[in-house]
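In what comes next, chain A is part of two complexes: it sits with chain B in the first one and with chain C in the second one.
Then we have the complex of A and B:
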């Protein structure tokens, strides 16, 4: 860029500089430093080394955290999208009280995750509402330990997360549904297409950009799920972010913590790239 | 020219005069770092610090620095030549790393200011290589909390040794279909503290991982675990109070700070405590708590020493005892304890009789991690005791080797 051009757009440069400094200083620099630390030896400070990665790849809790993260992400997103789409389809229809129903559906979005997790603890604790309900119904003989580990604990996280974020998915899909022209449905009806066919051949293809958007936003978000599992199920069922946290906070090891966090970051990046490649950016045109 | 300078000079004179008068009327300030619970902050803010300010005209500006972060914080300040902390309170298990980092002031010259009534063993805990780096502030020892109503209901006596503990655990489990014993298995420092105590009472050295005492402890815990309450996995120092108060669990060990919380905040006046149980070899209770120190290069060292002296005073120690149930560092501080607290203090005294200090080592964080991993694999996942402990013993030795090389 020539000096003259720079001089011409000095105001724009001046206005953008604080933001640039902020992003570089508070986002990019810490990320780069964390990646750097993940390749640094704790004792000798030698760089580069794979010693932290060797440690975490052989650490049983990292393996569990990796599996748990993938499970929560896979099952969570699938359920959130399915339920989010169902609710969005219901709310798309015209019915009395739709506005109130929409507002109620969006309420969980306004609840801070820490509060949501604490509320969920009242439900899923061994002495919580769910166990009281099941005991009263006679479904179980003794209280179920929902945080005891295994699939039931992971499903507890999924359900709690779903309650909190499905409204966001629903909102994105609802916005997508609003953009589909009504004439297409009318034309399809005239051609004799039933509800399922209209959904399959009109709604779903035209909703693809919205689904992509919801998937990417949730994909990034769900991998870094942190406070919810931390509060809800404690330290024994870890996901990658809580693994990194405990390595740093409990065991004062920022190097292995950085290695865990770097892997988490790579997973998020890979998910975004893979999904964008799989779906492409082409939009369906009618 | 004169016309301009005259009012300017007068204005400057007035501003300087106002500022100096304002400065003279202001108290001096010291910065203290500490990590306290909500109830503890309240007492400090409402009772201790105002009293110090009234008496010495020194205001305390306090903020939280967690024990695990203090070393990094002080290292950064000392390295930058800008020490902004005058007094720090630190967990007595995290002292070696501060000494190794060279960020604490040698207080040996000021040893004489420690009152004679302060228990000598607590003073010795702050000595490293014959130098006094830390002064006593708050000793702590875990006592047993139990629910006498439930024990009476099933005609049980509070356990005095491991065999009785297992028996009680089995009886509760059989009667209620769920374990009612609490073991702090949440992981991290609470689990390490409890394990350390149990291994020591089985005659083991926790750092060895696989000696006779360690093996006996883990084998016992593996058996006990199936009779523990499932919420043991969430039991930390704070949640233990909640589980006992909510009658989720009927017996568990904790620091005495939970007594006023359970009795006053939860209104559970039935709470009973006692010193603890014996292991297969002896009765041992680790002495936890905090010490105070001054960072190297503190700008207000004189005021900091005055503050430490104030903390050592009988008056302050009695307030902390009465309001927070903190055991005192002084042998003559007891007068102000309310009647209902007396039996609980007797439990503390009973436990302190069997008190030991944990080994203060630079590799505590690594030890903490390894011990917790071994616990998770053996007790929670049910893996075989000896092979796992042998594996962690090797890992511990490797880590110690690295520190020695370093």
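Then we have the complex of A and C:
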């Protein structure tokens, strides 16, 4: 019997081995190597040393990149979730032309990120379409320099990211909405609950797993955001990913680059842990 | 009633916002420079010219990246399936806790920024002679593709009733026989979704390509090259060309995408 059991698991081990080897060898190993490099001295290759971290902590561009990443992630995820939920709630209702609207809303999913960034450059260029629109409306008198730095530049990154990924958030939330049984709403209606009460006491709690999933998937990605800021604003306004890239690309310093990447990972980990601690893992059941 | 009209209005507003950037890209690619390079460019297409498109086709920068991108994306998608079809099958049959921790560890790898992973990989690939090769790029793309395909497939396998597998085993099917004759045919829609998804993820990929390509560029890298040169029109035409097949494929994909594939892996 135990021989058969062993034979059974041998097959399973055989089937899963390629996947495990790949994950361990090609993801975990590089991650560990990068963390190792971040504690290595550039000249003497001495390990461990904090020299790379000391260097980037005194680097004003690092402080800027740190702040920018926090801003883009915080504002971005809030707006994406709010608008994604709003659109999902509208598309959840049955009405004529729902299929067409749904299909159009998913368009950005099919546009490569690099292309999305390109399109945003046409919009946010000094003589681009947003300025053209604002000037024609008379909202501003002179063309705004969107890439000039500060909050407005960060907002262009947020808008670009929102355009690209809000559809994905919407899709996840829509799938979550469809799992909520219709009878609950009917029962609440009979009990005299208004639209807001139904939303607050039925939709939101039952949507929590979908919201958590969207938050975790998107939350991780928005911290790591790389191609959009690189193409949209390049060197002038850096987030942590592009900071790490330019450390390697401009200064050929893989050690400080790794230190930047490691700090980004720690930030992501802390955020996820904080989120899970804050909301708890208990699920609502009706 | 007011609420209803308000929501339709809102929907139309968002629809316009979604379409606008893509429309502007196509517009720029079709407009003569006089219409675009002005202080306040207009929103309507006035004159149409195919000059920029012809320039892209004649530039000698289209066929090589196109070929490279197609080769890498196709190999990546096929290899991803080859590795994750059996792997995900095993994971889907584990106990709830083990399955959860496996899925979590699949995604744990996503927490490290890609610029951080791409760097040591580039350093090692230079040593191993995989730098600037299709094989090297394919291997790097698998890093971001595999967790996703495995996740989709675990969800797909979970939607197949285990009674069917048990029945087949009672009828004398071996473990591999069950996988081949019962599970795989039933999982085919999910497998095709995973295939298309991984193809798209590799086609769009930018970060690893940036670190691992030197002489031969992929399509997204070529777009970046055009942007860095500051040519609006060639960028727009080129960007439109790489977007067309992707939009097409995405619509096929979303037709087959059922919420079960996404939710199944984490449910019950």
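Just so it is clear, the second predicted complex is superposed on the first by the 278 of 286 C-alpha atoms of A that agree within 3 Å, B and C clash if a C-alpha of one lies under 4 Å from a C-alpha of the other, contacts with A are read in each partner's own complex, and residues count from 1 in each chain.
We take it that a residue touches a chain if its C-beta (ideal position, glycine included) is under 8 Å from a C-beta of that chain, and two chains touch if they have at least 3 such contacts.
Everything numeric here is computed off the predicted structure, so don't read it as measured data.
Novice: Have a look at where A:175 lands relative to chain B and chain C in the superposition and call it first, second, both or neither.
Specialist: second
Novice: Using the superposition on chain A described above, determine whether A:37 touches chain B (first), chain C (second), both, or neither.
Specialist: second
Novice: With both complexes superposed on chain A, which partner does A:204 reach: first (chain B), second (chain C), both or neither?
Specialist: It touches nothing on chain B or chain C.
Novice: Which partner does A:105 contact after superposing on A: first (chain B), second (chain C), both, neither?
Specialist: second
Novice: So in the superposed three-chain picture, is A:127 touching just chain B, just chain C, both, or none of them (first/second/both/neither)?
Specialist: In the superposed model, A:127 contacts both chain B and chain C.
Novice: Regarding the shared-chain residue A:142, is it in contact with chain B (first), chain C (second), both, or neither?
Specialist: Touch partner of A:142: chain B, not chain C.
Novice: So in the superposed three-chain picture, is A:273 touching just chain B, just chain C, both, or none of them (first/second/both/neither)?
Specialist: In the superposition, A:273 contacts neither chain B nor chain C.
Novice: With both structures placed on chain A, which of the two partners, chain B or chain C, ends up touching more residues of chain A?
Specialist: Touching more of chain A: C.
Novice: Please work out whether A:118 is in contact with chain B alone, chain C alone, both, or neither, and reply first, second, both or neither.
Specialist: Only chain C is touched by A:118; chain B is not.
Novice: In the overlay, answer first, second, both or neither for which of chain B and chain C A:264 touches.
Specialist: It touches chain C, and chain B stays clear.
Novice: Shared contact residues on chain A, chain B side and chain C side combined as an intersection?
Specialist: In chain A, positions 127, 143 sit in both the chain B and chain C interfaces.
Novice: For chain A, which residues count as touching chain C in their complex?
Specialist: That would be residues 8, 11-12, 15-16, 18-20, 22-23, 26-28, 30-31, 33-34, 37, 83, 86-87, 90-91, 93, 95, 101, 103-123, 127-129, 131-133, 135-136, 143, 163, 167, 172, 174-175, 178-179, 195, 209, 213, 216, 220-221, 223-224, 226-227, 231, 240-241, 244-245, 248, 254, 257-258, 261-262, 264-265, 268-269, 272 of chain A.
Novice: Can you check the complex and tell me which residues of chain C touch chain A?
Specialist: My answer: residues 3, 7-8, 10-11, 14-15, 17-22, 24-25, 28, 37-43, 82-84, 86-91, 93, 105-107, 109-117, 119-121, 123-124, 139, 142-143, 146-147, 150, 175-176, 200, 203-204, 206-207, 210, 219-220, 223-224, 227, 232, 235-236, 239, 242-243, 246-251, 254, 259, 262-263, 266.
Novice: Can you tell me which positions in chain B touch chain A when the two form their complex?
Specialist: Interface residues on chain B, with respect to chain A: 68, 71, 177-178, 185-189, 229-231, 233-234, 246, 248, 365-366, 368-369, 372-373, 376-377, 380, 402-403, 405-406.
Novice: Show me the residue ranges of chain A that touch chain B in the complex, using the header's touch definition.
Specialist: Listed in rising order, the residues are 43-44, 59-61, 125-127, 141-143, 145, 147-149, 234-236, 246-247, 249-253.
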